[in-house]
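Multiple structures follow.
In the two assemblies presented below, chain A is common to both, partnered first by chain B and then by chain C.
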Partner chain A sequence: MLRRFRLEEPESVMEVSELLGRFGESAKVYAGGTELLLAMKEGLVQYERLINVKNVKGLNEVAPDNGTIRIGALCTHHQLETSPVVKQKLAALARLEQNVANVRVRQVGTLGGNLCFAEPHADPGILLLALGANLVAERTSSKREISAEAFFVDAYETCLEADEVLTEIRVPVPEGKSGVAYLKFGYLERPSVGVAVALRADGGGKSIQDVKIAVGCAGPAPKRVLEAEELIKNRGVDEAKANLLKAGEVAAHAAQAISDLHGSQEYKEHIVGVLLKRAFQNALSQ
Partner chain B sequence: MQFEKQVEISASKEKVWNFIWDVDRFIACVPGCKEAKTIEAGKLYSAIMIEKVGPFRVEFPTTIEVLERDELTRIKARASGADNKIGSRMKLSLDVNLREQGEKTVLGFVAGVDILGKLAALGHGIIKRKADQVLDEFAEAVKKRLEGDS
Partner chain C sequence: MSKAMIRPADVQMIPLSFTLNGRLQELAVEPHELLLDVVRDRLGLTGVKRSCDVEVCGACTLLVDGRPVSACTTLAFEVRGRSLMTIEGLADNGKLHPLQEAFIEHGGFQCGFCTPGMILAAKALLDENPNPTEEELKHFMHGNICRCTGYKKIIESIMAAARLMREGRA
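And now, the complex of A and B:
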């Protein structure tokens, strides 16, 4: 049962930040509420105040801006899966959003809420890492841009300060002959393993000029795997393919897989390798 | 969940043993543990365990019972507590042993931790990882405290 709480309804980011600063751990930002309200109903967390940010204007827009796509933190998953800009410029993100949770969650759950809750089995953070996204955090006194890599600290933990508000996600549009793939596997409601690959090949498609690899769901937080990227980057396609097995092993280790109901550590590590190989081939074929 | 840890301490077995029974100093090494009280010296103690995973916070008023005690060698204990606010319980079995290794002492412990109730919804893996972190921090703190004393 949901216990009583006070609902604050600020209309600006500064007001939200001020409220967070004033009420500290007794208050929590409430956007879509798909994760937060479930946890509150279960009695796992209790807050005296929820700060409803849905009345804050300008946080639910998607707009191209000088080689990046700016996504307001309040954009819902449904908005992103159907956005013409996202579908055209960040097709992999649109596909990912089509498969987040279920239709009810996608209708009200927001990208910003998903990232801030940092549930270990969430999809979007993994792909955003591979896309090299930056997240904009604002507070009354400052504004900063945080790389997706630095944003996720641990299970359910981000690097946001107590009075900081995530306002925007800036995603660079992949350039040149590029391909992006996110693959996940799971048989429960949430994915057991997620792997994202974003690569850029040379004009003839014979070598991999750049690649970003990220893994998640298997462990506490999404991780970018630089060591696996080194095995693929600046190599001919054949050599890169030959290195995929090793890259998969490296990525599996980096995932910090945990044995749980989703599968054993060894099983998840194996799946990381399988998905990495498939995601690479998928990205390369685009 | 079963955990096994071992820490090598540059201190005599007697010093490590005495430290374990110095409740205030020992409890100070347990992350998130406060308000330790001796109910019956050498047998029964109480404390409050507070742990946090992201926004999830648990507070277990805990009773610790010493079951067996072999002087300078081994302690067997069990602990249990409940957080009624979030409807969860914690059970811990602890087997501590001391072994001399030259001038050092090896402090080893086997801990069985069970978390029951709603907290389990966080996932076995996350809880296991947290418990592992707490035990590592505890072992490190004991080592630091004892070696700092010498």
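And now, the complex of A and C:
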């Protein structure tokens, strides 16, 4: 059962921002609703107003732009798993989207909604951290780009201001001899642990020139793990591989794993290490 | 009065016009009304089931513009201007759809509770991919849960229907 609320249906980002500014915490942006409506049905959150943003034009497009893929915040998971541009330029994201929840959730759930809801057991944020994505937030008075790292603050909490609207996700296309992998593991509907690795090797594939590592689901929010990256970056492949065990331990600690229905803290920390090793090998073999 | 309460005079009705199983349907809903409740309780179409109520089990699957959604967690106003199909609209003038025929032929159900959702999800799959591999079928259907059959017969039914439809025999 849902409690009664009023529906606002603005047609521009500025109107959305204006409504958010006017109604404050009594209103919430509603896009796909796949997560928000569940929380509302359970009575965990309650709003006087939902602001349906799906009539805002231009927020559901995918476009390549000078080495970056621009993804409108209203793009659904289904749209991204089937988008030729995403499949070609960001294959790891297409694969991730193909495995979000189930076919019905992917049909209506949006990438922007997923990021803004900031449910800890969500896949996309983790990979976006490793890909070095930026998120565009707009409001009546300003527009800014936020790194995916800075976006996630805590469980269900982002750095968006009350009247800011996430409009676009900008993902750099990996360059050179690069590999990107996102792996997850879980036994409930949502993952217990997710790990993303994006690396760039030198021309001969003998050394790792750059790497980004991110972990999530295990703790309150996705985290990039610079300390683990340092153990891999600018090293020969063999040395990098030898350091994976240590990098896994560092990443497991950084994940801030908690014990819950999805597994004990120790269990999740172990899985972080396992997935990091596999994701590295997967990325390297691409 | 608590902040979240809305006086009856403030009740917001949203007029909807949409296609229901091929026919024009008009009605007005409040914003918070769920598609599942409207279809079952107001339109009297009870093939669609409430089960898990959290978009996991697929018993409430309906097709909106041919694509599967969880009616338990879809606001009813979202079908505004769109085409909604329930299991009741699948047969063509009393002639069963090949999927329905195949489920009967291959014993694709036992208690039948998940079947409307299974068949509608399978229709969405075959409309998009008329010749799925078994792996593709399992991936697409993994969000539809059956607690009786063990899935084998369901998979056989859908593969059989796909063959029938490709051969144009149905």
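Just so it is clear, the second predicted complex is superposed on the first by the 286 of 286 C-alpha atoms of A that agree within 3 Å, B and C clash if a C-alpha of one lies under 4 Å from a C-alpha of the other, contacts with A are read in each partner's own complex, and residues count from 1 in each chain.
Rule of thumb we're sticking to: a contact is a pair of C-beta atoms (placed from the backbone, for glycine too) under 8 Å apart; a residue touches a chain by one contact, two chains touch by 3 or more.
The model shown is predicted, which means the values in this text are computed figures rather than measured ones.
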Overlay on chain A: chain C relative to chain B, clash or fit: fit
For chain A as apex, the angle formed with chain B and chain C - C-alpha centres, to the nearest 10 degrees: 100
Greater residue coverage of chain A in the superposed arrangement, chain B or chain C: C
First (chain B), second (chain C), both or neither touched by A:261: first
Touched partner set for A:46, first chain B, second chain C, both or neither: both
Touched partner set for A:118, first chain B, second chain C, both or neither: first
First, second, both or neither for A:26, with chain B first and chain C second: second
First (chain B), second (chain C), both or neither touched by A:274: neither
Partner chain in contact with A:154 - chain B first, chain C second, else both or neither: first
Touched partner set for A:237, first chain B, second chain C, both or neither: neither
Contacts of A:102 with chain B and chain C, given as first, second, both or neither: second
First, second, both or neither for A:220, with chain B first and chain C second: first
Nearest Cα pair across chain B and chain C, whole Å: 11
Contact residues common to both interfaces of chain A (with chain B and with chain C): 46
Chain C-facing residues of chain A, complex: 2-7, 26, 33-34, 37-38, 41, 46-48, 50, 78, 98, 101-105, 107-108, 189
Touching residues on chain A, where the partner in the complex is chain B: 28, 39, 42-46, 118, 120, 154-157, 220, 258-262
Chain A contact footprint on chain C (complex, rising order): 3-4, 6, 10-12, 14, 30-34, 53-56, 58, 61, 67-70, 73-75, 77, 121, 124, 139-144
Residue numbers on chain B that touch chain A, as the complex places them: 53-57, 85-87, 118-119, 121-126, 128-129
